[in-house]
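Take a look at the structures listed below.
Here come two complexes built around subunit A, the first alongside subunit B, the second alongside subunit C.
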Partner chain A sequence: MSTATLDRPDRAVRTYPAYSKPLWRRALLTREFAVIATVVAVVFYSNANVPNFDGPLTMYYLFLDIAPILLIALPMTMIIITGEIDLSVASVMGLSSALIGVLHADAGLSIPVAAVLAIAIGAVCGAFNGFLVAYVGLPSLAVTIGTLALYRGIAVGLLGTKAITDFPEEWTDLAKERIFGDGTSYPTILIPFVVLLVIFVWLLHFSAFGRGVYEIGLNDEAAHFSGVDVERTKLLLFVLSGAVSAFAGLYFTLRFGSARGDNANGLELQVIAAVLLGGVSIFGGRGALHGVIAGVVLIGVISSAMRLQGETVNVINIVIGALLVFSVIATTLLGWAQAFLAHRRAPAPRPGATP
Partner chain B sequence: MAAPEGVALELHDVAKSFGSVVALRSGSLTVSPGSIHALVGENGAGKSTLVKIVAGVHRRDAGVFRLHGADVDFGSTAESKASGVAVIYQEPTLFPDLSVTENIFMGRQPLGRARRIDRAAMYAEAERLFDRLGVHIDPRRPAQGLSIADQQIIEIAKAISLDASVLIMDEPTAALSGVEVERLFAVARSLRDEGRALVFISHRFDEVFDLCDTVTVMRDGDYVSTDAVADTSIDQIVSRMVGREVAELFPKTPAEIGDVVLEVEGLSSLGTFHDVSFSVRAGEIVGLAGLVGAGRSEIARAVFGVDRYDEGAVRLAGRPVPARSPRAAIRAGMAFVPEDRRKQGLVTDASVARNVAAVIRRGLTRAGVLTNRDENRAAGPWAAKLEVKTSALDMHATTMSGGNQQKVVLAKWLATEPRLLIIDEPTRGIDVGTKAEVHRLLSDLAGQGLAILMISSELPEVLGMADRVLVVCEGRITAELSREEATPEAVMHAATANVTHTGELHPTETQEVTA
Partner chain C sequence: MKIRNRRVSALAAVTLVASLALTACGGDDSDSGDDSSGSSGGGGDATSVTFLPKNLGNPYFDTSSKGGKAAVDEFGGTFEEVGPDTASPDAQVQFINTAAQQGVNALVVSANDPEAICDALDEASSAGTKIVTFDSDTNPECRDLFINQATAEGIAKAQVDLIAEQIGDAGEVAILSAAANATNQNAWIEMMEADLKENHPDIKLVDTVYGDDDDQTSFDKTAALLQSHPDLKGIISPTTVGIAAAARYLSTSDFKGKVSLTGLGTPNQMREYVKDGTVTAFALWNPEDLGYLAAYAAKALVDGDISGEEGDTFEAGKLGEFTVDADATVLLGEPYVFNADNIDDFDF
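Right, the complex of A and B next:
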């Protein structure tokens, strides 16, 4: 048996610089940095001009409010980077909330057991989405619009119009507790979020799996030809999305001490808006988690500042909607500007054919 | 229509390049009215480019282009149609959900009162057209479900209703059965007798000799000869199609041939290829030759696990390779450089480093963590070995030239240190200098004991590089030729096997391919 021993390129002559641009350009001239800078600017402005914004209560409630969006944005970012979408996340939250209510109040299970079951069922919901998208080959937009209605329907069917509110106080308090004691601004939900954040940052940015996620979004055929298991990757992402959404549903239930089938109605659009604002391309292949986190925080900070100013929800929505549209336009304009500059810099094209 | 005096279509020294790739160097073609003119040549000889210039798809870079004696220059297909040029492609492009008649009159429906479409007039006209062509197609039926032959008839009907004076048929018979070919020929002859000029592109020489009166041969983007069919022979045309010195261009240094690396046994996929068996040994370059569409790429894709196959087995170094899994094929030691670099070979919007490290990255993780630095460190030396031209490793592959992109793809696969390299069209769209580099590289790799399966539509490349040539025709391996036996004529004969050798059509065999 002869083996093909190719020359390992130890004695390679040519070396390449790793990067074509200096560090500051790579770090600062990015979409993600623009969002982070906007967050910082909005926080500074609000601290100076919005009464009560700099108090610990503001940040505390801000984190409590955006926690579900922060959590779900993690798997949603990866799904959108593969070029797919999951619209059923809020319905899975509702289903998880209703399940916890039924399992705890009617079946008499303890909260941890009910929670584990709800998260497992959330993962099954995600697996169903993922199976239809990855293995049957249906468009995720259509599949998850369908399961958005399906899961929500099951959730409302479980509880009807009633709400279950008799949860043990130790659990409902835990959801609202502060990590560093009274008067500080960080609620305990940030602990599981940070754990998940570390896992997702590793998955997307520091693992071979994550490289495959980007390749699927940029060119799934080439990814397939290089041995990326496109189907399995997508399935796994939808399972993660279902499980994390169910966990967010658990948090939502305990925070408000209320299990209802229509909990978190419409939250999926807030998640997607935040992810897109954070610089993830809806066409897939582009985006990073630090931008997405900044996107969620930006929406949270703006709404909280405007609420303190006494603006109504409608006005807040108009501002956030306009911001989102502007961010999309800005990307396009930036693209044009870059293409224009590149065109200017390139040597003049050969004079056209003269027949 | 009245046959005008002189020539219908005249092209002289027409040239066309795409970037650095010259597709057509000096194409010439002169077609008289009332004549069926055959245009023959190998894959890549420039026939299709020439046709596309006439059709207005491409604009020529240089040369003379006259229609009925007047200089023309088409910027769009609409202009060429308006001037009476109709092109019928191998795979007609009809709207499947519209009726046959609506397809014929697309965009120029006869209008009745109040600018409503006059359906009655449209159907009557369609029926008249079909009568004239001697075919029985219901003008009201949808185009969906029509056979390729009937779809071509619809295209021809469209051309006649436009009163086209020049009809170009690009390999119209490739997917037709014997009866359908006869009917198409009958239509073509009647159009000729009306005084129209027809250009017929085909790889089947008996059809050329049966139908056409004049034949023009092209080779490597150049005009070679034009003869009356009566004054020439198949052998003469074949030798003109391939006639060139190939030995010096593509030097394959003899390598020590080792053990069998790849074994393919009885591989079949319904409608694409049938009972394909071959093996590739270490240090050997095996060429898969044949016409475009013969099933060569499909075989390679099935072996690598990108496509499924129905029957058969693939073994690498004696061990079976699971079907339908590129990942398993890579693990077994295969590497696959696909035909379409931009779509399949690499992710053009990703950096050079990410592309080069795309397959090996799982081995680069340390404690499960993969960083850009790890990828750069692994990718840099391979990029350097293949002399990839880039200013930095984070540059995207989008703007690179074809040759440079191919080097990135090769670096990516060589980094996996494979035992078998499958390479589909190694030098398509690559400039001449890089082409020679790729050939030298392949030769070196074989010298180091790599088994190489090379698919190429360029005959000189196959003949110059391959130790053994397998010729594929209509999904079957029709010949296995050693380096000594592999002459251009032998390969061309095997590639058009069931037609040229027997001198007549076999409806059953051709039908099987269309199934």
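Right, the complex of A and C next:
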């Protein structure tokens, strides 16, 4: 259909511009850029006003803390853009953590083998979610709230009350190692994250698959009729989500040197909060990864700075919760304001159209 | 279908936002306001001591921090209390990291996991911070000193003796514990099991359930326990949150007076249940003294008066002199039994 439009002979004499706004306005006046600007502002403010924030350890610990959220936010962004949600990610992390512990301590497997198995099982967990959502047609909220309990239950069942802590030093150290040697701020976990980031950016923003993801979020029936395999896309996204969550579980286990069934309890809330804060619409169809990364970093920086200020966790939660509510409201208000202005500017055609 | 899905997603978003905002309202710790000087960290001459309990909003730790603050005020240091809102080790690590960044002189921790917070403690230690654990210990090599509230044997025996006395030394009992991984809880439960088997053959331990030190969870677990074991005669809850929630359930149910409840509780939480007959007696040490002792021990470590060697002695203000035992442990004393006669003498 689109090729037919392009082949029409009058395409060369198009009298309207390709975009309604110039490039700088499209790039800078966005929700994503607002979040990035806030991150920069908060970092500058904290550097100037928060004691010890400019210390060498701050960024290092910050990256260690937000790494699992950064990782899982990648597939979560795509899932939310399709208008679905995956609440089971933290439970998959817990399950992967418990599995690595059991496979390493009880079955005697080496860490890499146990990790590969755990990530495979994570992918299976995701595939189960995806199958129920995409092919059975159940709402993802109901499915993943069920598997949230299911996977967590299996994880706690596997290890019971004990925690497995005898992991080899070289692996637990690797999770905390700095890429550029002592004193630098970048832990090694950023390497797999950057690799995954490149893959996900390409997948979401530069591939046909990614266009399909947005289309599904805007209107899945239209997407279906324009040739997007809606079911397969959704299944694939949930599989990715499961695998990445299991990898985050591996990192979590090694960082704390402790495999427990209740590891990463409640992390799904932080992931989803960061994704929404980063400008992804919960209704699907809108959002971009640079905004989401900024959202994750923003939450991390604010918590870190406030902890250094000696604020209690309650105050930190209030600030982040309020920020999230504000960001959601701001989008809606902005939409109203724009519609209102557009209405004021061009009132003529509307009354004319009704009679 | 699609539209319904979107409404559901929107509902999820609203729930999420609300829960993030509302969890913040969970704990109301009025103490946090008056430690404004704490944020200056370890800069000055005053000894800076940071208390990191398992979680905030837990009256037990509010009391121990009160004792800690009193001690720090006595020796003129700066006191700060920080902590996560849920008792999980990964959340605690963030606060240990923060203390390392601030370079505080001493960190007083109640560990949510004996191993998981070790690396973070090591990093803080190499940054020059002295590590004191209290209430719940880490592996001995991860800290400089552990302040033991009472010996595990003493605590386990006190609770078993109380329940045996209350149910006539025969019948089914169950345990309502905190988190399944809590170091101290599991040690006590193990010893209670051994003590029951050895000295009270007619008492049968039928179940151990975990309320995660959460009031509502503990309340629900108590209800479930009484339903699944109709012949239950007694409940032991070795956690202050658990025993209060269980007492609240019992006091309004048909089981009041029929099922005995004992364990570790605080007088202020248990007062009304002791007075209305739901609970006859329960045990505890004084957490305020525990925090007080931990703060003085931290001070002694920072000043170099003690190094954690067995036989080291130090003065702990009004509590007198204490000696370091094997494994760098300091013992507070024996557990104390509270009942209707003496409960009004205490206010914590």
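The rule is short, and it goes like this: the second predicted complex is superposed on the first by the 329 of 355 C-alpha atoms of A that agree within 3 Å, B and C clash if a C-alpha of one lies under 4 Å from a C-alpha of the other, contacts with A are read in each partner's own complex, and residues count from 1 in each chain.
What we mean here is this: contacts are C-beta pairs under 8 Å (C-beta built on N, C-alpha and C of every residue); 3 or more make two chains touch, one makes a residue touch a chain.
Treat the numbers as computed from the prediction; the structure is a model and nothing was measured.
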{"item": "Residues of subunit A touched, compared between subunit B and subunit C (which is higher)", "value": "C"}
{"item": "Partner chain(s) touched by A:Gly284 [first = subunit B, second = subunit C, both, neither]", "value": "second"}
{"item": "Subunit B versus subunit C as contact partner of A:Tyr61, first or second or both or neither", "value": "second"}
{"item": "Partner chain(s) touched by A:Asn219 [first = subunit B, second = subunit C, both, neither]", "value": "both"}
{"item": "Partner chain(s) touched by A:Ser207 [first = subunit B, second = subunit C, both, neither]", "value": "first"}
{"item": "Subunit B versus subunit C as contact partner of A:Asp182, first or second or both or neither", "value": "neither"}
{"item": "Partner chain(s) touched by A:Ser20 [first = subunit B, second = subunit C, both, neither]", "value": "first"}
{"item": "Contact residues of subunit A, present in both the subunit B and the subunit C interface", "value": "219, 221"}
{"item": "Of subunit B, residues touching subunit A in the complex", "value": "59-63, 65, 71, 73, 258-259, 261, 282-283, 306, 317, 326-327, 329-330, 336, 338, 343-350, 352-354, 358-359, 361-362, 364-365, 368-373, 376, 380-385, 387, 390-395, 412, 414, 417-419, 445, 448-451"}
{"item": "Complex interface listing, subunit C residues touching subunit A", "value": "1-2, 4-6, 8-13, 16-17, 19-27, 29, 32, 35, 38-41, 43, 56-57, 80-86, 88-91, 93-95, 97-98, 100-103, 113-119, 179-181, 186, 210"}
{"item": "Footprint of subunit C on subunit A - complex, ascending", "value": "51-52, 55, 57-58, 61, 65, 83-85, 87, 137, 139-142, 156, 160-163, 165, 172, 176, 219-221, 252, 256-258, 260, 262-266, 269, 272-273, 276, 282-284, 303-304, 307-310, 312-315, 317-318, 320-322, 324-325, 328"}
{"item": "Residues on subunit A engaged by subunit B in the complex (per definition of touch)", "value": "1-10, 12-21, 202, 206-208, 210-211, 214-215, 218-219, 221-229, 285, 353, 355"}
